[in-house]
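I have a structure here, written as C-alpha cells, and I will follow up with some questions on it.
Note that the chains are named A, B, C and D in the order they appear, and that numbering of residues resets to 1 at the start of each chain.
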Amino acid sequence: MPLLEISSLAVDYRTSRGTVHAVNDVSFFLEKGETLGLVGESGSGKSTLGLSIIRLVPYPGVIGGGRIKIDGRDIVALPEHEMQTFRGTKVAYVFQDPMMSLNPVKKIGAHFVELIRTHEPNVSKKEAFERAKTVLKNLGIQPERINDYQHQFSGGMRQRIMIGLAIALNPDLVIADEPTTALDVIVQAKILDLLESLRKAYQMALILISHDLSIILERCDKIIVMYAGHMVEYAEGTELHDRPAHPYTQKLLQSIPNIELSDQKLTAIPGSPPDMLNPPNGCRFWPRCSYTMEICRVKEPLLISIGRNHLVKCFLYGEKGVQSE
Amino acid sequence: MGLRVYIITRTLLTIPTLLLLLTMVFLVMRVLPGDPVDLHFERKGTPEQIAQMRQILGLDKPIWNQYVDYLWGIVDIGYLLQHGYPNLGKSMQVTSQDVGRQIFSVFPATLELAIYSMIIASVIGILLGTVSSKSYNSLLDHVIRGFGTVTYAIPVFFLGILFQLIFGVYLHWLPVSLRINPNVEFPAHVTGLFTIDSILEGNIVKLFESLKTLLLPSLTLGIILSGIFIRLTRMNMLETLRLDFITAARARGLRESTVTYGYALRNAFLPILTMMGLQFAMLLGGAVLTETTFEWPGLGSYIVGRINYRDYTAIQGAVVMFGLFVTLVSLVVDILYAYFDPRIRL
Amino acid sequence: MSEKKIRRSILARCIPRLTSLAKKGPSGWMIMIGIVIVLTFIVITMIGPWISPHNPSALFIGPPVASPSSQFPMGTNFLGQDMLSRVLCGGSVMLQVAGLSVLICFIIGVPIGLFSSYSGGFVDSACSLVMDALYAFPGLVIAIAIAAMLGPGVINMSLSIAVVYIPTYFRIVRSQVLSIKELAYTEAARAAGAKWHTILFRYIFPNVIPSIVVVTTINFADAILTAAGLTFIGLGVSIDVPDWGLDLTMGRKLIANGAWWVITFPGIMIILLALGFTFIGEGLSELLNPKLQH
Amino acid sequence: MWNKVELSIVVLVLIGIIVSSSTMYYTTTVMSNLSTLTSDVSTLTENVLNLTSSVRDLATITRVLAEAMGAFNETLADLEARLAAIEASLAAKAKETLIVGTTDAVENTLDPAQAYDYFGWCIMQQISGTLVSVTPGSISGTDFQPELATSWNASTDGKIWDFTLRQNVRFPDGTELNATHVKYSFDRSIALIPSTPDGAPANLYYDQIINRTEVLSKYKVRFFLNNAYGPMLGIISCRASAIVDPTYAPWMTQVNYTADHARSSTPLAFVGPYYLSKWERVGDRDIEIRLDENPYYWNATSGYPKTKTIIFRFYRDASTLRLAVEAGDIDMAFRHISALDVLSLQTNTNVKVWIGPGAPMFFMCFQEDHAPFNDSRVRMALAAAINRTAVVTTLFPGLANATYSMIPPGMLAHGDAFKELGDANLTLTTSLLAQLGYSSTNKLKFDLWYESSGHYQLSAEQAALYKAQFEASGVMEVTLKPADWPSYRTNRNNGIMDVFVYGWYPDYFDPDDYAFLYWASWLNLHYDVWSPTAYAQQIALYDQARYTTNTTLRIQLYNQIEDIAADQCSIVPLFVTKLWAVTKPKVSGLVLDITQDMRYWLIYIAG
C-alpha cells in the first residue's frame, strides 16, 4: 500500500466572481522514502495541490472531488480534529517564506515545545525542550539560541528552523513548497542538501514543489509537470529529462541553461498562463503551444500513457491513447 | 533596559503634545466670538459687573499674561501639593469656588465609569470580533458585524433611556440613577471609586450596591463602544489570519484554539490595543451623555451642569481635564505596546 | 446639454451602478442598503410637510400622551401633537446640521491636508501636530464646550461639530497624499516637468477622493448622533421646531409613565439615518481595503 | 467553523449576565419581603415541631430520627431568630432615618444674611430657629405661634415691638440663648446688606424696616421700626430672621460651604429640631445633606423630631427622581416630581401623593422698553388672549389654580380683578389690536421667551400653549425663544425679553409680598417709566396698606391696586401652583400649607 495515493483530485476556489478550478483531475501515488517533484509556473496549482494534501487550502478553496489516501485512509472526509493529529505527525509542510512562517511573539523553543506537547501530551516541558535542542543541533544551530525570537535569525537560519519543526516528530511525508525561493543561491543549495540528508536519515518521503525544473530534475525520483491546474506530464526524473513529451515540458527544459551543450539557445515560453476564471476551451496550453492543431482548441486531451510510468496530456500522441494503467 | 529608555523618551514626547493641547483649549475658548464675561451676562451686563468678573477671572490682564497664568496654574506643582488639586481658576458662579477642587472631586466617578465600560467593551468586542473573523463571511459573521454597526449608530443616551425603561421601570431590577442606592451610606472616601473603596472598607453590601448601580451606565457605554472594538478586532484578525505563520502553525497540527488565540489574537492584539487607546477619547465623549442620562455625578454631568451657568472657567477646566486624561491613557497604551512587543523592546 | 438631460443621464448612469454593487458581495449590499435608506430619509424630510397628516407643531391634535391608534399611528406626545407628523418632519434640523458641518469640514480639512502634506517640511509637521492634538480629543466634549460658548442653534451646532471632524479629514487626506506622492507616475509627471497644481489636482486629488468619501459618510453619521447629543443636553432648537432629538429629550420625561412611543419612534429614526450612513461608510472602506482582497 | 472554546465562552458570558441580573432581582425581592419570609419560616417551624412530637409517639421508631429532627428544627429556630433580628434591625433603621430625594439644591450658602433660595431656607428651617413661626396648617399664613419667643407685643403706633425669649434654649455647646444673640443676628444681617445685595435681608429691606434693635434684659429684646409695618411678624418668622451662633457667625463676613466640615459651613445657631451633621458637595452639586436629631432642641420633650435622621439625596432630573421613589429607593420625593408624573402616581398603590395649597405665583411680563409693549392696550390684548384654565387643566390638572389676582387664593384680599378681561377673549384682543392697526395682514410680531433648563415646571410646554393661544387670534405672530435659567435671569435683569413668564415665591405670607410685583423694579419692565401716573397711584396705595394694621382698610387698598393693574396689565397673573410631595405609603405627618414649608420634624414612618 503506497504512503500517499491521490486519485482524480479537484480543488476549486469559489470566489464571488466565479469558480476557479485550481486543481483538476490529478492522480498519483507515492511510496515511503520516495521523492516527488511538482513543477509548474506560479498559479499552475502546485501549491494548492500541496496544501490540499494537509487539507489547508486557503479560503475560499474547497476540495471539489477525488480522494487523498494517506496510509490507505481517505483524509478528505476526515473530521477536523483527526486531521489535526495527522498534520505534523504523518505529514509536515515547509513553506516558501521563512520570514513569515514563525510566530513573531514566540521564542523558537516555544514553537518546538508547543508542537511536541500538542501531539505527545505526556512529554514533559523539560523533555520537549531537550528534544528541541538536539533537533537544533542537528540543523547546525547553537542550541543556546533556543530562547531567541525569529527576528533575531537570518533567513537561512529560519528556514532551517522551519525544517526542524517539520521533522521534529519525524513524519512519513514532508512537503516542501518552494523552500528556497526566498533565499539567496548559496543558502539554497545548503538547505536542499539538508532536506536531502534528513530525508535519508529519517526515511521520509518528500514532495518538492518548485517552479525551477532544474532543481526538481536534480533531486526527484518522480516528477509531475503542472499547467493551469492540470497535470500535463508525469514521468521519472531521467525519463523526463531525456524524453520530454509535452510541448510545455520541452519549453521548460529549453529554458534551463545547460553546461554540457554549450551551443544550446535558451528560449523563453511565449505568452502568459491563462486567466483561471475563464480558461481556454480544449487543451489549456494551446494558446502558447507551437504544435497547436484544430482539435486542441475544441477538445480537452486525456492523460495517456506513452511508455513505462510516463503519462502525458496531449493530442500529439494520438487522438485518445490507452488510458494509463 | 531598552524598554526603560523607550518609556522615558515617550514620556518626554508627551510634553510638547500636552503643551499644544492646552494651548489649543486656551485658543478655542478665546477665539470664539464674544468674550466669556459678556456671554455670562448675555451681552448686557453693567460695566461694574463686567469689570469685577473680569478681575476675578484675570481677564483684565493682557492675553499673553492670561496664557502664562493658565499654563502655570496647571503645572504649578506647589499649589497642587498644597491644595491637592491644580489651580484651574475660580468658578464663575456666585460661590466662586476653585474649579480645580470641583473637578477633582467629580473625576473619580468618571474614571470608574470609564474603566468598567472599557472592560465590558473590550470583552464583548474582542470576543465577538475574533469569532466573526474566524467564521469569515458566514451568517454568524454578518450577524456580529450587523450588531457592531447598529451599536455604532445608536445614540448612547437613547440606549441608556431604553435600559432605564426596561431594567428600572418595568423589571425593577436595577437602580437607574446616582452612584449607589440612596439608602446606603457612601463608602469612606479613599480612591473615590466606590467599588474599590467599599472593598477597602471590606463592606460587601456597599460593593454589591455600587456594582448594581454601576451596571446600567457602564453596560450602556460599553455596548455602544463594543461596536467599534468588534470592527477593529475583526479587521486585524482577518489580516493576521491571512499570514503564513498561521497556516504554518496549522500545518504543524496545532489545535485550532492555540492557532486562534496563541498565534492570531496574540499578534493582532497589539494593534487592537493601540486602536482601543485611540477610542478612549470617544469613550469619554460618550461618558458625558451617559452621565447625564444616569445622573452619574462625574466630569460629564459637571460640564453639562456648568454650561447651564455659562461657567466658562469651569468648562475650560473640565475640557483641559478630559484632554490630560486622554493624553495620559495614550501614553500608557504606548508603553504597554512596547512592553508586550518583543520587536520594540529589543 | 439641458439641465433635465443632465439629470436623466446621471440617473441613467447611477442606477445600474447601484444594482451592480450587489455583485460585489456583502459590502456591496451594505452600500446599496445604506444609499437607499439615506435617499429615502432625505426625500421624506423634503416632502414631510406635505405628506404628514397634521401640522407637526400644532397642539392638541389629539389627546395628550395617547398610545398608538388607527387615528395616530405613532401616538401623541404630552402636548397632543401627532408623533407621526413630527417623525416625518423631524429630520430637517439634523440633516441641515450634518450637511452643514460636513461641508465646513470638507472645505477646510481637505485643502489643508492636501497642501500641507504636498508641501511637506515645517508647515506639514506643524499642521499635523496641531491636528493630531485636536484629533486625540474627546470630540463631543469640545463640541459641547464650543456650542455652550456660542449658544444653541443650527449654525452653531454645525460649527462645533465641524471643528471636531476637520482633523479626521486632514489625517486621511495627508496619509493618502504621502503614499501617492511617492508613486512612480507622479514621479514621472514631476520629471516631465508638470506644474505642482497639475500634479496635485490631476494626479493626486482623484486618488484621495474615495477615502474622503468614506470619511464623509462616517462623519455624516457621527454629526447626526452628535447633534442629537447636543440637543439632549439642551443646546438644541426651541420647542416649536419639530426635531427628533428634541422629541427624544422631551419624551424622556414621560418614560416613567410607560409612554414608550414618545421616544421610540424618533429614536429609531435617528438610528436608521445614522445606520444608513454608517452602512455606506463601512461597505466602502471594506471594498477599498486592499488587505482584504481575495 | 468556530470551535467549542469560543462557543462556550459566548455561552458563559450570556449565562453570566442572566445569572447576575436574576440574582440581583432575587436579593432585592428577598430584602423587601424579609418579613413575609420570616413568617413563613416560623409557620414551617411549628409544623416541624408538631411533626417531631407525633414522631416521638411512635415508640418503635428509633429516637435517632427524633434527634435528627430536633437538630433540624433547632437550626430552623436559629435561622428564624437570625432573620427576625435582621428584620428588626432593618425596620428600626428604616424608622429612624427618612431618605428624601429632591431636585432642589442649596443654591449658594446657609447664611441667613445671604441665602434666598427655597432649599437653602428649607434646610435652615430644620436646623435653626426664629422668634415666631407660622402655625402649621395655617390657611392664610398669617397665624403665628411662639417659637424662640414665648410672647410679643407691638406698641399702638406699631413702631416698637417687644419679644420675650424662651428660657433654657441651649446651643449644642451649652450656652443659653439670650437677647444679645437676637440683636447680634439682626445687626449682622443688616450690616452685611451692602456686601450681599442679592441676599434675602437686602431684598426684604430689613435696613429700611428695622431702625435698630435693643437688649432690654437677658430674655427681652426690642425692635424699633422706621414706620408701622403690617407684615412685621411675617418678616420675623421668615428664615432670614433665623438666630445665628456668634462663634460661627463672624461679624461682617458671610459664611460659605466649607468642604468636609458641616458645622463651619453655616453660621446658624443649632436650636432647631435637627443639626447639620453632613453637607457634601461633589463638583458643583450637593450630593448628600444629613440632618441628625438635635438633643438640645427646646421642644424635644414633646417628642420632636419624630424621625431621628433625615438624609437628602440630590437628583438633577425630575423623571429620575420619580423613578427612584417609585422603585422605593427613597422614602420621600419632595420638590419636584414633574406634574405629569403626579397624575399617574396618584393611581399607584406603592406610593402616597400629598397635595397642599399653593402660593407660588406665575405671571406674564411685558418689556415696556420694547414698543409697542409700552402701550397698555397691547398688553391688555395679550392678557385677554390668554386662556388660563386651558393651561391649568392640560399642564397642571389638579395641581394649580388659575388666578385673576396677584394675591393668591386663600390669602387676605384675594380678588378677581382680571376676570373682566376674560379667558381667550379674542374679540377684545382683536378689537384692541385693530385700534393700533394690527390685522391678519399686518400681524403683531414678538418674541416669547421661556426657561428651558427645568427651573420652572413645563415652561417649554406652557410657552407652546401661549404661542398657540396668541396666534389663535390671527393677528399675532410669536417666535419662541428658549433660555436656560441663568441666562433667563440675566436677560430679565438686562430687559432683553419682549414677553416672558416669571414666577414669584413668597418670603412671608401677606398681600404685601405679592401686590408690589406689578411694578417690581427687579423685573426691569420700566412700567414706572412708561405709565408714571398709574404707577404713582398704585405705589401710594401700597405704602398706605403697608403702614397700617387695619385689615379691612388694607383689603380695600389692595383691591384698588388690582383694579388699576387690570387696566394697565403691566404684568398679568396666570396661575398659582400647588405644593405636592410623594412618599412611601408608611410615611405620615406631612403638613402642607400655604407657607410651602416642609416641616421634617413632624414626619414619621409608621412601623
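Everything below uses one rule, namely that a contact is a pair of C-beta atoms (placed from the backbone, for glycine too) under 8 Å apart; a residue touches a chain by one contact, two chains touch by 3 or more.
What you see is a predicted model, and the numbers here were worked out from it, not measured in a lab.
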Practice problem: Find the chain most remote from subunit C, comparing centres computed as mean CA coordinates. | Solution: A
Quiz prompt | Chain centroid nearest the full-protein CA centroid | solution = B
Quiz item: Which pair wins on C-beta contacts, C-D or B-C?
Solution: B-C
Quiz item: Between subunit A and subunit D, what's the gap in Å when you average each chain's C-alpha atoms?
Solution: 87
Quiz prompt | Computed distance of Cα centres, subunit D from subunit C, in Å | solution = 45
Quiz prompt | Centre-to-centre distance between subunit C and subunit A (centres being mean Cα positions), rounded to whole Å | solution = 52
Self-check item: Centre-to-centre distance between subunit C and subunit B (centres being mean Cα positions), rounded to whole Å
Solution: 24
Quiz item: In subunit A, what residues contact two or more other chains?
Solution: 59
Quiz item: For subunit D, which residues are shared contacts with two or more other chains?
Solution: 323, 326, 453, 484
Quiz prompt | Two or more partner chains touched - positions in subunit C | solution = 25, 234, 252, 255-256
Quiz item: Once bound in the complex, which stretches of subunit D touch subunit B?
Solution: 1-3, 5-6, 9-10, 13, 21, 24-25, 27-28, 97, 99, 101, 107-109, 256-257, 259, 280-285, 287-288, 311, 313, 315-317, 320, 323-324, 326-327, 329-330, 453, 484-487, 490-491, 493-496
Practice problem: Would you tell me which residues of subunit C are touching subunit B in their complex? | Solution: 25-26, 129-130, 132-134, 136-142, 144-146, 148-151, 163, 221, 225, 228-229, 232-235, 248, 252, 255-256, 258, 260, 263, 267, 270-272, 274-275, 278-279, 282, 289, 291-292
Exercise. Show which residues of subunit A lie in contact with subunit B when the two form their complex.
Key: 51, 54, 56, 58-59, 80, 84-89, 92-93, 95-97, 100-106, 114-115, 118-119, 149, 151-152, 162, 165-166
Quiz prompt | Of subunit C, residues touching subunit D in the complex | solution = 57-60, 64-65, 78-79, 152, 234, 238-240, 250, 252-257
Exercise. Please give the residue numbers of subunit B that touch subunit C in the complex, ascending.
Key: 16-17, 20-21, 24, 28-29, 32-34, 36, 39, 137, 142, 145, 149-150, 152-158, 161-162, 164-165, 169-170, 231, 235, 238-239, 242, 278, 281-282, 284-286, 288-289, 292, 303-304, 307-308, 310, 312, 315-316, 318-319, 322-323, 326-327, 330
